[in-house]
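Once you scroll down, you'll see the structures, which are given as C-alpha cells.
Next come two complexes, and both contain chain A; in the first it sits with chain B, in the second with chain C.
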Partner chain A sequence: MYGIGVLKGMWVTLVHFIQTFVDDIKWAGKRYYTPEGIAHRSSKDTKGIFTVQYPEEKLPVPEEFRYIPILLQEEDEHGNLHDRCTSCGICAKVCPPQCIWIVRTEDPVTKRPVPEPVDFFIDVDICMNCGYCAEYCPFDAIKMDHDYELATFDRHVQNIYNKEKLSKPVSYYAKIRPTNYAREEALRAAEAAKKVEAAAAKAAPAS
Partner chain B sequence: MTEQTATAPAPAAEPTELEKRFPGAVKRDARPGYEGYVVEAGKLREVATAIRDEMGYDYLSSVTAVDYFSDAPNANNFIEVVYHLYKSTGGGSLVYKVQVPRDNSVVPSLVDIYPGADFQEREAWDLYGVKFDGHPDLRRILMWEGFNGHPMRKDWKEPYFEEELKPFKNRWPEGQVYRIEDHNPFGRNVKYPAGFDPEGFRESADPALYDSLERAARAYSEDIDTEQVVVNLGPQHPSTHGVFRMAVRLDGETIVALKPVMGYLHRNHEQIGERNTWIMNMPFTDRLDYLSSMSNNFGYALAVEKLMGEKAAPPERAQYIRVIMAELTRISNHLWAIGFLLNDLGAFFTPALYAITERELILDIFEATTGSRMMCNYFRFGGVARDFPAGQLDKIKDLVRERLPRKIDELDLYLTQNELVRSRGENVGVITPEEAIAYSTAGPVLRASGVPYDIRRADPYGIYDRFDFDVAVRYHGDVYDRYMIRLDEMRQSLHILEQAVKQIPEGEIMTGKNPYQVRVPAGESYGRVEGPKGELGYYVVSNGKANPYRYHVRAPSFINLTILEKMCVGSKVADAVVNLGSIDIVLGEVDR
Partner chain C sequence: MTENRPANPTVNTAGYEVPPELRQNIAITTLDKIWNMGRRYSVWPMMFGLACCAIEMICTAASRYDLARFGMEVMRPSPRQSDLMIVSGTVTKKMIPQIVRLYNQMPEPKYVLSMGACASGGGPFKEGYNVVSGVDQYVPVDVYIPGCPPTPQALLNGLMKIQEKIDSESITKVRWYRKGEIPEIPVPLLGPDIIDPRENAMIKEYTSKPAPVPLAANPQAPATPPAAATS
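Showing the complex of A and B:
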C-alpha cells in the first residue's frame, strides 16, 4: 500500500522522540552538566539527546588531542627555568606551512652559539595543527597543547606568539598528557643510564 | 643477454605488441624509474583508439601534465602529458605519455575517445597551458577566464611568492619573523602582463561560459519555438554542498544544457605540494576531501612508498590499522553522503542528523588516536604516526559489532522504502554502464551503474587481498541506486572491519625511524586507493631531491562531475540538485 514506507520512517522518528524522554527520566536529571552524563552521551550506548551544551558543558579532550604547540621549560633546584629547546631548527624545517621562526644568539665572550633560543615565534594564524614539530623534536621540547579557546580581537597584535607566550613548565605537560610523559621520561632515563654506563665503561680500562 | 645490450644506456627489451603495431611512433619510456610508453603527438589518437578497442583498456583514470623545466642553458625543456589507463575488468595500469615543446604545446584531444578526459584536459590547459586540439569546450576550469599565465608551470610565481622550495631561509636559519603580507602588500604583489590596462579590463569568464551553454543547447530542438532562460544554481546555495555553481539553460523546467563552474575554493594545492617537502604534504592531503582525510593520507602514502621501495614497506600491525582507519572513514563519509542526499531531496536535516550522530562517534575514535577529528595527518611513509591508545581498539570493536550495524539498519528502515525517496530517486539521473566507464566515473557512481569495479578487489593495495568482502553493485544507475549502494558499502566495510579487528596483531607500527626528511629515489609513481568517493590517485614524480618534482591528485569528486551534464540534460531542474547530491562531492577536493 502506498504510504507504508513513509509511516515506517515516521515510526523511527517517533521512537527517537520517545527515547529522549525515557533516557532523561532514567538518569533523573544527572544526564546533563555532569561528567558521567557527558561521557554517556559520547558512548556507544547513547540514545536520545546527543548534543553537548557548549560552553556550559565541554567534552573532555583525549590525551592525543593537538592544538597549538607549546615550548617546555624545566625548573632546576633554584627555581630557574631552562628551555629544553636547543635551537636545532628541526621544527622550523619540518613545519608544513612554515610558521616557526627561531632567533638564536651566541655567547658574547666565547662567541659560541647558545643552545637556548633568544626568542621563538609561532604565527598561530598560519599553524595548521599538524603536530609535526612535536613529533620530530629530538629533545621533547615542543609539544601540542590542549587549549582550543584562542579567539582574539586583533590578529595582527595577538596572534604571533613569542617564546614567553609559548613556554609552559614541564609539569603542565605531565598533567595534560600523563601517559606520553611517563613513556618519554622512561626513555630519557634509559638514555641517561646508557650514557653513564658508557662513560663508566670508558673510564674502567683506563684505571 | 649479450654484453653489448647490458652496457647500453637503455637495455633494449623485446618490443611489445604496441611497439610492433606502431613502429617509431610508440617507444618505451626508458628513463630510470619511469614506466609505460612515449607516444608521438601526431599518432596519439590512433594509438589511443587501438589501446581502447583492441587491448581493452577502456577506463581512463587520469590525465595530467608535467613541466620538465630547467633554466639552465640548453636544458631539455618540454611538457609531458601523462595518461593512466585501466581495464574495467580489473588489473594493472597502462601508462602512455606525449611530449611536446613548452612554447607550442599542442596535443590532440581524446575527449571523443574517452569522454572522461573532458575536465582533466581542461585542467591541464588551465594549469599548464597545454592546448588540446579538438576539445569541444577548452575553457579554463579552476582559474577564471582572463587569468594571466598557467600557474603550474615551473617558471610561474604566485603573488606572495617567497622561495622556490621549503623550508624557507627566513624561518631557518635566519629566524626573522615577519608576515609576508607586510613585505609584499596587496596591490604591489601582482605582476600585470605587458601593456595591460586595469581600467580597460573586461570580464570574459561569464560570456565564455554562456557561449559554451548556448553551443551545448544547439543540439536540443523542440517543435514549438520557445525562449530558453539561463539560471545559475549557486555558487552560494546550500544544495551545492559548498561553493559550486551550475549554469543551466532551461526550456520551461527542462534542462537543455548544464555547465558546472568550479574553482571558487582553488588554492593550487598541487603547486603548494611541489614547494613542500615530501612529508609536509601529508597534512595538506587531509584538506582535500576533508570528510575522509584518512583515505587521502592512504593514497599519498602508497604513492610515495611505491617509489621508496622495500625500506618503506609498513609492518603488519600498521597495515591493519590503515585498513581499519580507511574503512571507518568510508562509513563516516557515506553516512554524511546519505544524510545530505536526503537533505537535497527535501527531508530537511532529520536523516542527516541521525547519520551525523554515528559519524561523531567515529570521529571520537579518530580524535583519540590521531589527535584531530578531521585533519588526522595520521599516515607516514612506512607506517602510521602512533598506535591506538589504551582502550581505543575495544571502542572500535563495540562500535563495529554492536552500534553501527544496528544504526545502519535503522537508517535503512527509515529511508529505503519511503515512497517519496523512491519517487524522487528511481529513474532519475540514469547512467548506463557504458557511459559510466567512458566518463571515468569512479566509486559508488560507477558501481551503482552495474560495473563491479572496486580497486580493493580489481587492483588490491595494502592488505585488502586478505579480507573477505563483496564488491557492492547495483544495476539501475539512478539516484536511488546510488543511495542504496552506499548502504551496501557501509555493510561491507563493517564486514571488513570485523575481520580486521579480530586479526590485528601486536607489533611495530613503523618501519625505520620516521625521519623528518625522507629520501625518495628518482622516478614516477601512481598510487591509487578506493576512496569513499571513488578512485583517489596520486601521481608523483621525484627527481631524488627533498621535494616532489610533480604532485598531482586525481580527485574523484572532480572527475565524477564530468558526467553531471549528461545526467541532467532532459530532466527537470529540481532533479539537478538531487543528481549532484548523489555524486557526493566535496569542494575541497573538486577545486584543490
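Showing the complex of A and C:
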C-alpha cells in the first residue's frame, strides 16, 4: 500500500507536537525565561520546543567564549583607574591580522617612556577573535570579552574601538571569567611573594 | 492581564488622546508605523553564503534560534523576491561582481547586512591579493556585525538593528518613492586586479599621462624640455 511512509512521518510530527504541550505543562510556566528552563532546553533530554527566545533570554556563554578584546584597569584605594597595559606592544606584534595600534607616550620632563598607553585602538572589523593578544600579554592586561551584541550602523566611526571603549575594570573580568581570574591572581600573588623573597635574600648577605 | 503586557509600539502612539470609553474599539496610529510594521516583520533574506559565517547564518535559521520568530524564515534563492542581503563571509575579488549584480537585481526596498569581520573590513585577509577589504566599497551597507564569526545571537542582534532602521524610515522620505530612477551600481570587472567602473575616468586620466622619465637614466630631463633634447 502506498502512503505508509507519509503516515509514519506525520505520526512522528504529531508526537512531537503533543510532546511540546506535555513538556510545557510539566514545567508549569517555568520552561521559558528562567535559567533552569534554558539549561533544560539546551540539554539532550529535552522534548518539544528548544528555541532560545533570543532578545528576552540569552543562551549562557561558556567561560572560555571569546569575542572582542578588552583592556583591564586596576582600581586603587582612591578610586582611580590604572591600566595594567604597559604599552609594550607584544599584542600588536603577535596579532595575526594586525588590528592593534598603540599610541605610546613619554614623560615631558624626564623624556622616559610612561608605561601606560595614551591611546589604544582595535579595529573590530579586522579582529578575528583568536585571543593571541590575551595569550601573549605578560601583564594580564588584555583579555577577551563575552559581549557579542555589537552590531552598528557605521563602521568607520563606531567600529574602531579606542582605549575608552576597550577599558574595563578588573572586577568585570572577575565576573565574566571567575576560574581564569582566580588562577591568574594566584599566579600573580606567588610571583610577587617570590620577588619579595629574592629581595630579602639579596639584602641578608650584605648586612 | 492586558495591563501586564508590554505596550504595542504601533498602536496609539500618534499623539492623539483616545477617550477611555473608546479604547476597546479605537486605535490610532500613523501610516508610517503601519507600513513599517508590515515591512519589519517580513524581511526576507537572500539565500546565499560566502564562507564560514554562512554556517552561523544557517544555524540562526534553524530551530535553536529560529529566524521565523522575526518573520524572516523565508530565505529566498532569488534576488527578485528578497529584501535583505546578508553578506556572510569573505568577499573575494572573484565574487564581488556577482554580489553587485545580485544587489542590482534586488527590488527596492533593499538592505545589506555585513556579517563578520571579513565582509565588513576584510578581516584577517585585509592585505590579501584576492580579497575585497570591505563589501561597503561597492554596495551600501546598512548594518555591520563584528565578530569572527558572529554567533547566531550576534546575528539576531544585527537583524534587530535592521528592524530598527526600518522603523526609522518614513514613507514620504524613502528614496524608492521619489521621482527619478535610482542609478544601478556599475558591476566591477574581474581582471588581473578588480576594476571598479566608477573609477574609469581616474584610470583614463592616469594612463593617458606620459610615462615619467626615470631620473637615473636622464639626469638632465627636468631641466631641458623633451622636444629640445630630440632635435
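Criterion: the second predicted complex is superposed on the first by the 193 of 207 C-alpha atoms of A that agree within 3 Å, B and C clash if a C-alpha of one lies under 4 Å from a C-alpha of the other, contacts with A are read in each partner's own complex, and residues count from 1 in each chain.
Please note the rule applied: a residue touches a chain if its C-beta (ideal position, glycine included) is under 8 Å from a C-beta of that chain, and two chains touch if they have at least 3 such contacts.
Worth saying up front: this structure is predicted, and the values here are computed from it rather than measured.
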Residue contacts with chain A in the superposition, chain B compared against chain C | B
Regarding the shared-chain residue A:Ile90, is it in contact with chain B (first), chain C (second), both, or neither?
-> first
Now for A:Asp123: first (chain B), second (chain C), both, or neither, which partner does it touch?
-> both
Identify the partner contact of A:Ile70: answer first if only chain B is touched, second if only chain C is, both if each is, neither if none is.
-> neither
Using the touch definition from the top, say if A:Val103 reaches chain B (first), chain C (second), both or neither.
-> first
Which partner does A:Gly131 contact after superposing on A: first (chain B), second (chain C), both, neither?
-> first
Contacts of A:Tyr148 with chain B and chain C, given as first, second, both or neither = second
Which holds for A:Ile176: it touches chain B only (first), chain C only (second), both, or neither?
-> neither
Once the shared chain is lined up, is A:Phe50 touching chain B (first), chain C (second), both, or neither of them?
-> both
Identify the partner contact of A:Lys8: answer first if only chain B is touched, second if only chain C is, both if each is, neither if none is.
-> first
Residues on chain A touched by both chain B and chain C 50, 96, 98, 123, 128-130
If you look only at chain C, which of its residues touch chain A in the complex?
-> 63-66, 69, 114, 117, 120-127, 134, 136, 141-148, 150-151, 153-154, 156-158, 160-161, 165
Residue ranges of chain A touching chain B (in the complex, touch as defined) | 2-6, 8-9, 12-13, 16, 42, 44, 46, 50, 61-66, 89-90, 92-96, 98, 100-104, 119, 121, 123, 128-132, 135-136, 144, 160, 179
Can you list the chain A residues touching chain C in their complex?
-> 50-55, 58-59, 67-68, 96-98, 123-130, 148-155, 159
Which residues, counting only chain B, touch chain A once they are in their complex?
-> 166-168, 170-173, 175-177, 179, 276-277, 279-284, 350, 354, 357, 360-361, 364, 367-372, 375, 377, 385-386, 389-390, 395, 398-399, 402-403, 410, 413-422, 514, 516-517
